[in-house]
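Next up: some structures, all given as structure tokens.
Shared between the two complexes below is chain A, which has chain B as its partner in the first and chain C in the second.
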Partner chain A sequence: MATTVQNRAVRIGTHPFLLRVLSILFVLGLWEWAGRVPVSIAFPTCSETLVAFFEMLTDGTFAKAYAETIVPLLVGVFLTAVGGILTGIVLGLSPRAEWLGLPVVIVLQASPSAAIIPLITFQYGIGFAAKVFAVVLLSAPVIVLNSYRGIRNTPRSLLEMSDAFLAKRWQRIWKVVLPAGSGLIFAGLRLGLAQGFTGAILAELIITPTGVGDLITFYRSTADYAHMFAAILSIVVFAAVSIGLLQRLELRIFRPEMRPA
Partner chain B sequence: MKRALIGLATLAFVISACGQDSGSDQGSIRVALGDIESVETLGLMIALERVRERGIDVTLDELADEDLANQAVVGGQADVGLGAPYGLIQGSGAPLRIFCQLQTLRAFPVVDKAAYPDWQSLDGETFTVHSRGSSTEALARMVEQVEGIDFGKISYVSSSEVRATALLRGNVKATVLDIPNKNFVMGEAPGKFHMLPVPDTGASDEVLFGNTEWLEQNQRTVQVLLEELLTTWRSINADPSFVVKERERLGLLEDLPPELEKELLPYYEQASEEGLFTSDCGGAEAAQADFEFYKVAGQIQGDPASLNVEDFWYLDPIAPALKNAKSSGS
Partner chain C sequence: MTSPHTRSPQPGQVPTEPGGGEPAVRVVDLCKEFPGGVLALEGLTFDLPRGELTSIIGPSGCGKTTTLKIIAGLAEATSGEVLVDGSPVHGPGPDRAFVFQDFALLPWANVLRNAAFGLELRGVPKKEREAIAREYIARVNLTGFEKSYPHQLSGGMRQRVGLARALAVDADILLMDEPFASVDEQIRRKFQEDLLYLLAEENKTVVFVTHSIEEAVYVSDQVVILTRGPAHVSKVVRPGIDRSGDSQDIRRNPEYLDWVERIWDELRDYLEK
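Let's turn to the complex of A and B:
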């Protein structure tokens, strides 16, 4: 009897959900402690930030800000998803395209994007197009490279099998190469969405202070650090939830075989 | 015997260490500037160089923007900052105080001449300012009150340079610019834009502020700093070519490109004409004007009439500095 209770306690204590919650509570606890010390006048406590967060959530501040931020983000990520995946596939399938295009993408990924964003204004001005371009600039390399690697890493045995079954080129791509590379392609999309968020916020902080970037700039200028941290926290939460939803969508619609039993 | 000697030496060291006043005037100053060395900041650089000449060790840290400079002062990485930190002082409760007004707000609404001949024609139209809560937005709100109009939308574009470029490219039609960018736009497209009149707010565009503890412990350094700033400002107001002469004497901005060098004297002539540089540190009167103005900007909470000047300003060093500052630094 005692062993059963002990086993159950161990099972509960090592349950992934409980461990995740404990991990989050541990970080929040550290935050609260650091805010109470305080490490800096500009560092609010976790509780103050959460109060500000719910205040902004309920009074419509976040809704208004995200309505502005999300439009260039969605347009940019959509354009990059379509264009980036196609480019990655072409780079993965054609050695010529690989030699021609891959170095550009690698250089783009290695370049400091925050330094390039101000240059966007020379070509695209300060409006919507500049913000979309900032999203594309940050999300494209990771989507293209992941798609390319997904295609290039198709198991040789599967390719030989398709040869043995006399598959045509399009059948080989559609039925073997793409399914084999879909894991990395979707991972690229998730990372691309995260990078797209960075691009959208950077554009709002560097080019024109609108949406969530405006909230951060405004609260920083008025030294309302709890609200400023709440705005930053909202970006983390929004990005994490969006990426989580994208992963669920991937498993539900595109890759049901990968769903946990 | 040996132990007794070591004990005595330790005791002497501890007593001497305790005797040292850790808060005494160190004769050094770290200044955080949310800007880069340029034509507009040359006046300040001259004043700081003159402070150096009087034996004070001056470190000037240039940061990307004013808010970062404010943070440097709050965090103790800098002793003195430049900006308009009313929101910071009230909002954070940080022990900071303003101790001199450096520049009054001089902003120029530059608008498309054909589309907007006067303020009334901007009723319901978009007007572009620096950012939410900025002095340029406050100015726009004051114009709304004075002219009895309502802008359709206030849009935000950071940096006067970017707004000037956007104006020339047609991305914006009506905005607020500083002196150099107003001159640039007027020079690039003569006849296309014009300036609309603005109410004189008397508010500060840039003030000096520091940590109260540092200000109290470094009174001589603060005095020297204020005296040299006031002497420089007064000299510029009396003769703008003072900047050119002092730049040459002190070897400042030696790598200034020729096209910017041409702008140097006209900028200081115009700044002097516009009354940009405050020659008396502003004091309580400037504080009251700032309360009214920054309330409109959303930087200050509460009734401006009931705000206490001492909660934002440290006025003690101003009177002695005004007495000792020279009317000409030549």
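Let's turn to the complex of A and C:
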């Protein structure tokens, strides 16, 4: 009996959910301490930030700002996801496309995109299209490269197996190559979403002062650092939640064996 | 699946010629040169008699698997040809099914879907292919594991799934590439016995690549001995061990031990050169 209780205690102590909560609490605690020191007058405590966070959440400031930011983000990430995954698959399946296309993607990934973003205004002005373009610019390379790697990493023996059992070309791609690459493809999508979010915020900071980017700019100009940090915190939370949702989607569609029972 | 059946029509007899009819597969003067000029196979010629189990044996790296893949149509020969029922092989076909050394199961699919995958690719409706797969899952003793995923199974169980998948497509010829190489020794013996029992019911032509002489003598009607660098056929022998008794008796049978010794001598000659 005693051992069961002990086992349960150990199990709870090492339960992933509890560990996650503990790790978050630890970081928040560290933040509170650093704010109280204080490390800088522009660095609010965790509690001040959280108060500001809930204030903005309840008075509709976030809702309004995110409504503005999320549309170009979703449009941009959707376009990149469809185009980028297709491009990655083509690069992964055709050696000729690989030779032609891969260097472009690698150069694009290595280039400092933030420096390119101001140039967008010459072509697309300061409106919706410019934001979408910024999202695409930042998210495309990682989505394309990960899709490409995912496709290229299909185990040889599975390809041979699909040949031996007479798979047609589309069956081979749909039933073997895509599920085998789904881990890397979805990792690319998650990173792409995060990158695209960076692109949207950068566009709002650099090109058009709107949405969440504008919140940050505005509160910084009024030296309301608690609200400014709350806006930044909201970005972190938003990104973490959307990435978690994507991961669930992946397990649901492609990898039932990795779903917790 | 307790005791293996006899596969030879008349146990104890050592036939010099395969029992009548055209062989299921003829391998004619097969050569394979890899890019870079490495000659792997040099003029292999042998027949696979219909309804029998033929082992291909030889030192590691001698081209056993390459030969099997050429028969399967998964690799191309540089020259020479493989005839299945008299017509040359130009790629994989529905008349041949393959069992892979590393199982090659889809990690994201459960046992049922993996076993039915060959039929799925052929467009057999879901209900029908799952019924067939269930039947073969039962034959390889995996009933109850239909919903398990490969990573939840042992090596031996995974290879049973690979075998069920190959049997489910009902090909006449079963090509097995060191099917027990990734399986524990204890399970291996049980698996060999089960395989013989299963094949006795199925009446298939089987090609079995192995590097184990004992395994080859135990399971085969015919053994093709290959030698290394570049591979050519050293000898084709027909051990024809009487497998009617208990498996332990067979392994102690002087005839069995004699054949193991003879094949070993044959290979040793080439290894020492």
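By definition in this document, the second predicted complex is superposed on the first by the 250 of 261 C-alpha atoms of A that agree within 3 Å, B and C clash if a C-alpha of one lies under 4 Å from a C-alpha of the other, contacts with A are read in each partner's own complex, and residues count from 1 in each chain.
In this text, a contact is a pair of C-beta atoms (placed from the backbone, for glycine too) under 8 Å apart; a residue touches a chain by one contact, two chains touch by 3 or more.
These numbers come from a predicted model, not from an experiment.
**Student:** Identify the partner contact of A:Lys175: answer first if only chain B is touched, second if only chain C is, both if each is, neither if none is.
**Tutor:** It touches chain C, and chain B stays clear.
**Student:** Could you say whether A:Leu166 touches chain B, chain C, both of them, or neither, answering first, second, both or neither?
**Tutor:** Touch partner of A:Leu166: chain C, not chain B.
**Student:** Counting only touches as set out at the top, which of chain B and chain C does A:Arg220 meet: first, second, both, neither?
**Tutor:** first
**Student:** Answer with first, second, both or neither: which of chain B and chain C does A:Ile253 touch in the superposed model?
**Tutor:** In the superposition, A:Ile253 touches no partner, neither chain B nor chain C.
**Student:** Let me test your reading of the model: by the given contact rule, A:Gly125 touches which partner, first (chain B), second (chain C), both or neither?
**Tutor:** first
**Student:** Report for A:Ser157: first if it touches chain B alone, second if chain C alone, otherwise both or neither.
**Tutor:** After superposition on chain A, A:Ser157 lies in contact with chain C alone.
**Student:** Could you tell me if A:Pro209 is touching chain B, chain C, both of them or neither one (first, second, both, neither)?
**Tutor:** first
**Student:** Using the touch definition from the top, list the residues of chain C that touch chain A in their complex.
**Tutor:** Listed in rising order, the residues are 69, 72-74, 92-94, 96-98, 100, 102, 104, 106-110, 117-118, 120-122, 149-151, 165, 169.
**Student:** Considering only the defined contacts, which chain A positions touch chain B in the complex?
**Tutor:** For chain A paired with chain B, touching residues are 40-42, 121, 125-127, 206-210, 214, 217-218, 220-225.
**Student:** Can you list the chain A residues touching chain C in their complex?
**Tutor:** 155, 157-158, 160-168, 171, 175-176, 179, 182, 254-257
**Student:** Report the residues of chain B in contact with chain A in the complex, numbered from low to high.
**Tutor:** Going through chain B, the ones touching chain A are 67, 70-71, 74-75, 87-94, 131-134, 155-158, 162, 165-166, 169, 171, 298-299.
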